[in-house]
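Across the two complexes that follow, chain A remains constant while its partner is chain B and subsequently chain C.
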Partner chain A sequence: MDETVYVNEKGERLDGRKVDELRPIKIVPSVLSRAEGSCYIEWGQNKAIAGVYGPREALPQHIQDPTKALVNFTYRMATFSVSDRKSPRPGRRDIEISKVCGEALANAIFLERFPNTTIDVYVQIFDSNAGTRITALTAASVALADAGIPMRDLVAGVSVGKAGGHIILDLNKEEEDAPDAVDMPIAILPRTKDIVLLQMDGLLKKEEWLKAFELAVKGCNQVYQKQVEALKAKYGMPAIEHETQKEEKAVPQKPIPQPKKPVEVKPAEGEEEKKERVEEIKREMEQQIKEISEKKKPKIEELKFNSGGDNQ
Partner chain B sequence: MKKDDIIWEINADKIKEQIKEGKRVDGRKMDEYREIKILKDFSKNAHGSAIARIGETEVIAGIKMDLAEPYPDTPDEGTISVGAELMPMASPIFEAGPPREDAIELARVVDRGIRESKALDFKQLCITPGEKVWIVFIDLYVANHTGNLFDTSAMAAMSALLNTRIPKIEDDKIVKGEFTGNLVLSRKPILSTFAKINGKVVLDPIIAEEKAMDARFSVATTEDGFLSAFQKGGQGHFTEQEITQCIDIAFAKGKELREKLR
Partner chain C sequence: MERRVVVPGEVVTTERKKIGRHVFVEGGKIYADCLGLADVNGEYANVIPLQGKYMPRAGDLIVGIIVSEEYSGYVVDINSFYFSFLSKEKLRKPLKKGDIVSAKISYVDEINQAELENVRVFYGGEIVTISPVKIPRVIGKNGSMLNVLKQGTGSALMAGRNGRVWIKGGNIPLLKKALRKIEEEAHTSNLTNNIEQFLKEENAKRENSTQNVNSGGI
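On to the complex of A and B.
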C-alpha cells in the first residue's frame, strides 16, 4: 500500500494522467424521448443517464411552496454498477447525494418563476469508478438545459483531492483508496465561481485547500466547456445547419465564457450584411423556440409556465 | 411534456377506429416490430450488460453473479433472480419507490421466459451441492417507455446473459476482476408481445396502442420449437384462434430477433 507511487517523477499518475488532467468526458443531451430533458454522460468509466420532468405540479399539495419551485433530485446506482452487487433499495449514501446535488442545482435555476411546482431530476448510474456524484450533477445540469428550464448558469463539477501527498484533479477509485486520500467534490457556477456543492473527507491543510480549489476551478471550466459544446452540438444555431460555413461563423456568440476557445469572427464579411443575417437568425430561432414550447405544453394547466418566456 | 399519456387516452378512439381497417398509428404492419437495436458490454462493473431498444423504448440490463445457499428442495441447482425498475425518468407517470405490480409482473414474465426455457442449466450453476450455488441476478432498468416493455426487457436480459463472464472462485469466495469463462446458454428464448385492440391483434404495441388495448398477450419462444412462457394481461379476452395465431407469428419473429442477439 505505502509503496504505491501516485505521481511519478515524470508527473504521471497511475493511469498516466497529469495531476491536473480530467478523465475523458462525453456528454450527449436529449437521449430519452419521454423525459422533457435528458442527458447521457460518460466520465472515465462512470456512465449515467439523467432525466428531467417539470416544472410540474408538486404533489401532495402540502409540499408546494407558493413562492418558488422545488427541486427533487434522485440519485441512484444500478445494482450492477459497483464491484459487489448493490441492493436495489436506496441507501443513506444515495439519499445524501440526492440532497446535496438537488441543492446545488436549485441555486442555478430561476425557481421563483414556477411557484407551487416541482422540478424532478433523476440520475441513474450504470457504471462507476469514483466521482459519480459529480458525474450525476454535471449530466443533470445539461438535462435541465435540455428541458428548457431557465438557469443562471450551468452547474459544473469535479472532484479534487489528495493521494500520496499530491493534490490531484478528478480522482479515480485507485487514488480514492490511497491511505492519505482526500476526496473533495466541488461544483460551481463557472461564470461567477460561486460554490454550490462542496464536500470533503480526509485530512487537508489550509494551503492544500487553496491549491485544490484553484485546481477544481480549472477542472470545472473544462467540464463547463464540454457541457456547452454538447448543448451547442444539439441546439447551436439549428436554422443555419445546412448553410455555408462562412455564414455560420458570422453568428454572434452569446456571452457564454469559453475560456479555452476564443470565438473567431470572420472579418471578411461586411458589417451590414452581418447585422441583417443576425436579425434573420434571431427571428428564425424565436419562431423555433415558440414552436417547441407550444409542442411541449399540450395541457392547458401548463400554459401558465410558458408566460415567463423560456428564452431568457 | 413531449407526448402526454392523457393525449393518448383521448386518441384511443381513433386508434380503435383505424385498426379495424388494418391501419396502425405509426403505419406499421400488424405483425411488424419497430427497429431493434442492441448495445452490449455497457457497464464494466457488471458481469454482463446490454442496452436493448425497440423503437424508442429503452431497457438497460446488467448481470451480477453471486454465491448463495441453494434452496433446500433443489440442493444441486443454482438459480436466477430478475428484478425490474421502472425508473421515473422513463415516463411522467412512473414514480420512485419500491417496485409496484407493473414492475413485478414485468420481472416475473422475463424470469419465466428464461428460467422455463432451460436456457441456463441450473445444475451447472452448482458449486458445492447443498452448500454453495451461483445466483444470477438480472437487473432491468427501464430508461424510456414508449410501449412494449416486455419484449425490450427480455431482449436486454438475454443480450446481457449472452455476454456474462463467470467470476473466478477461490476458497469459496469470488475473486474480483478475474473470470473463468462465459455463461453458457443452450437456448435463446425470445418474448413477443401482442395487443388486442378492437378485435384486432397487433405485435409490439406502442404506448398509444397499449392505452387503447383491451388485452395483452406475451409468449416466449425458443429456436427449437418450444414455448417457454405465456402471460395474458388486461381485462379483455383472446380466442383460441387468436392465441394460436400469436404463437405462429412469435415463432417467425423470434427467428428475426434472435439474429439481433448475436
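On to the complex of A and C.
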C-alpha cells in the first residue's frame, strides 16, 4: 500500500487545510422554539443540534442536590450519522461522552444558584466526521448562553492530534484513521485558560504534547470567537475586540496590529480641548486605579466569587 | 449611549463600580455572567439579561394560574421552579382550576420557593406569556409603556414579573401584536416611542379599512 502523505511539502493537508487551520464552523443560536436555549452547529462535515431545558425541578426527588443544580448532558448520534448504521441504543461511547461533556459544562455554570434543579442539555449528532464530542460541547455551550443560564465563561473546545508524524489541529476522519494517529480533544474556559475536558487516544512525546496543547489553545480561542460572533449576531451587534484576542496580541509570536480598545466613557460633545482633558483625567485615574488594585491584589483574590475553585 | 451586548465571561468594565445584577468579580475586573446588555453608566455595573427563566424575588408582582384545589387552599402555577400555595383564609370567594390571580411575592426561601400575599382575582380576559426578562420593557419607565399600550388599544392590562401578561377588552389582536413586537425588539432603545408610532399606524389603517367597507356597503 502506498504511504499516505498527511502533510505535503507545501504544508497542506489532505483536504487542503494548513497544519493549524480549523474546518469551517457555522453556529446558529435559537433554532428550537420549545427549548429554552438551542444551537445548530456545522463544523466541517459534522452537524448537530443542541437544546437546553431548565433549570427545572429535578425528578425523581432523590437525585436532587440541595446545594447545587445538576447538569444532565445527553449526547446521541443519529443512526444515519456514520457510514455503517449506528445502533440507536446509547452505547458505551455515547454514555462516556455525555459524562465528560456534562462535567465540562458544570465547571462553567453557576450551579449553586439553582438548588434542587437540573439543567438538561440534549445534543443530537446528525452527521459526523471526527471531533463530534467537541462539536457537541461547543454547541451546548452556546445553547446554554442562549438559554440565559449564568456562566463564568463559554466553553470552547477543539481537537488536536498527530497524523503521519505531524502535529495537526482539528483532525478529520481520514487523519484520525492514520496508523500513528493520536486524537486529543481539549475544552477550555478561554478567559482563564482552565482546562475542563482533556482526553487522549494514542501516544505522544512530551515535546509533541506541549506543541499540541499550544496549538489547541489557539484553536479554542478561534472557536470562542465564532461562538461570541454567533451570539452577538443574533442581536445585530458586531463582536467587539475580546479579552482573549487582546492576550493573543500580547504574545510576541503573532503581533496583530489592532486599534486600541476605546474606553467606555462618553466624551464631551463637540470641543476637542474638553475631550483631551477628559482623556488626560481618565488616564490619570486609570493609573491610580491600577496602583490601588495592585496594592490590594491579595485582598481582591480572596474576595472573588468561587472563581474556578472547583475546576478540574 | 448605545448599550453593548456582552456574552458570559466578557468584561463589563475594568473600572471600580458597585456590583449590580448578573455580574461577578474576578481579579479586580467585572465580568458578565449571562448574555445581556452591559449597563455601566450609573454607580453600579449591571448586565440586563436578554434570556432566562423567572427567578422569584420578594416584592415581585406576578400573575399566577390556579392548578388545583387542596383542603385548605389552592396550588398556583407562578411560572417558576415550583408551584406556590394560596391559603383559603385570605380569599373571600372560592376559586376553581384555571382561574387567574395576581399576587405579590412576600418571601422566597433558599431553594427558590415563593410565598404569596396581596392576592387579587381576575375575571375573564386572557393571558399572553412572554419572556420574563422582557417584562420591564412592557412596563417601561414608571409604567410609560403600559400607558401607551392601554391608550393605543383600549385594553385592560396587567403585567406580571413572571412573564405573564393578563389582557382584557379593547383591541386584543393589536395588543398581542404589540407585545410580540416589544419582545422581539426588547434590546433596542427608544422602544416606547416606536410602539406608540406602531399603534397609531395600525389604528389609522383600521379606521381607513372600516371607512372603505362602510362606503362600499352604501
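Basically, the second predicted complex is superposed on the first by the 232 of 312 C-alpha atoms of A that agree within 3 Å, B and C clash if a C-alpha of one lies under 4 Å from a C-alpha of the other, contacts with A are read in each partner's own complex, and residues count from 1 in each chain.
Simple rule for what comes next: a residue touches a chain if its C-beta (ideal position, glycine included) is under 8 Å from a C-beta of that chain, and two chains touch if they have at least 3 such contacts.
Everything quoted here is computed from the prediction, not taken from an experiment.
After overlaying the two complexes on the shared chain, residue contacts for A:Ser38 are found with chain B alone; chain C is out of touch.
In the superposition on chain A, contact of A:Phe80 is made with chain B only, not with chain C. By the touch criterion stated above, A:Ser128 is placed in contact with chain B alone, chain C being left untouched. When the shared chain is aligned, chain B comes close enough to touch A:Gly51, but chain C does not.
Residue contacts after overlaying the shared chain place A:Pro115 against chain C, while chain B stays out of touching range.
Residue contacts after overlaying the shared chain place A:Arg89 against chain B, while chain C stays out of touching range.
Residue contacts after overlaying the shared chain place A:Trp209 against neither chain B nor chain C. Contacts of A:Val228 after superposition: chain C is touched, whereas chain B is not reached. Shared interface residues of chain A, touching chain B in one complex and chain C in the other, are 36, 56, 297. Here chain C touches chain A in the complex through residues 1, 4-5, 7-11, 13, 15-16, 22, 24-28, 31, 33-35, 40-41, 49-53, 81-82, 110-112, 133, 187, going by the rule given at the top. Considering their complex, residues 1-4, 6-7, 42-47, 49, 56, 58, 60, 62-64, 66, 83, 85, 87-92, 96, 98, 137, 139, 141, 143-146, 176 of chain B touch chain A.
Against chain B, in their complex, chain A makes its touches with residues 32-36, 38, 45, 47, 49-53, 56, 74, 76, 78-83, 85, 88-89, 120, 122, 124, 126-129, 295-299, 302.
Contact residues of chain A toward chain C in the complex are 36-37, 54-57, 66, 108, 110, 114-117, 145-154, 189-192, 227-228, 231-232, 235, 237, 240, 242-243, 264, 266, 289, 293, 297, 300-301, 303-305, 307.
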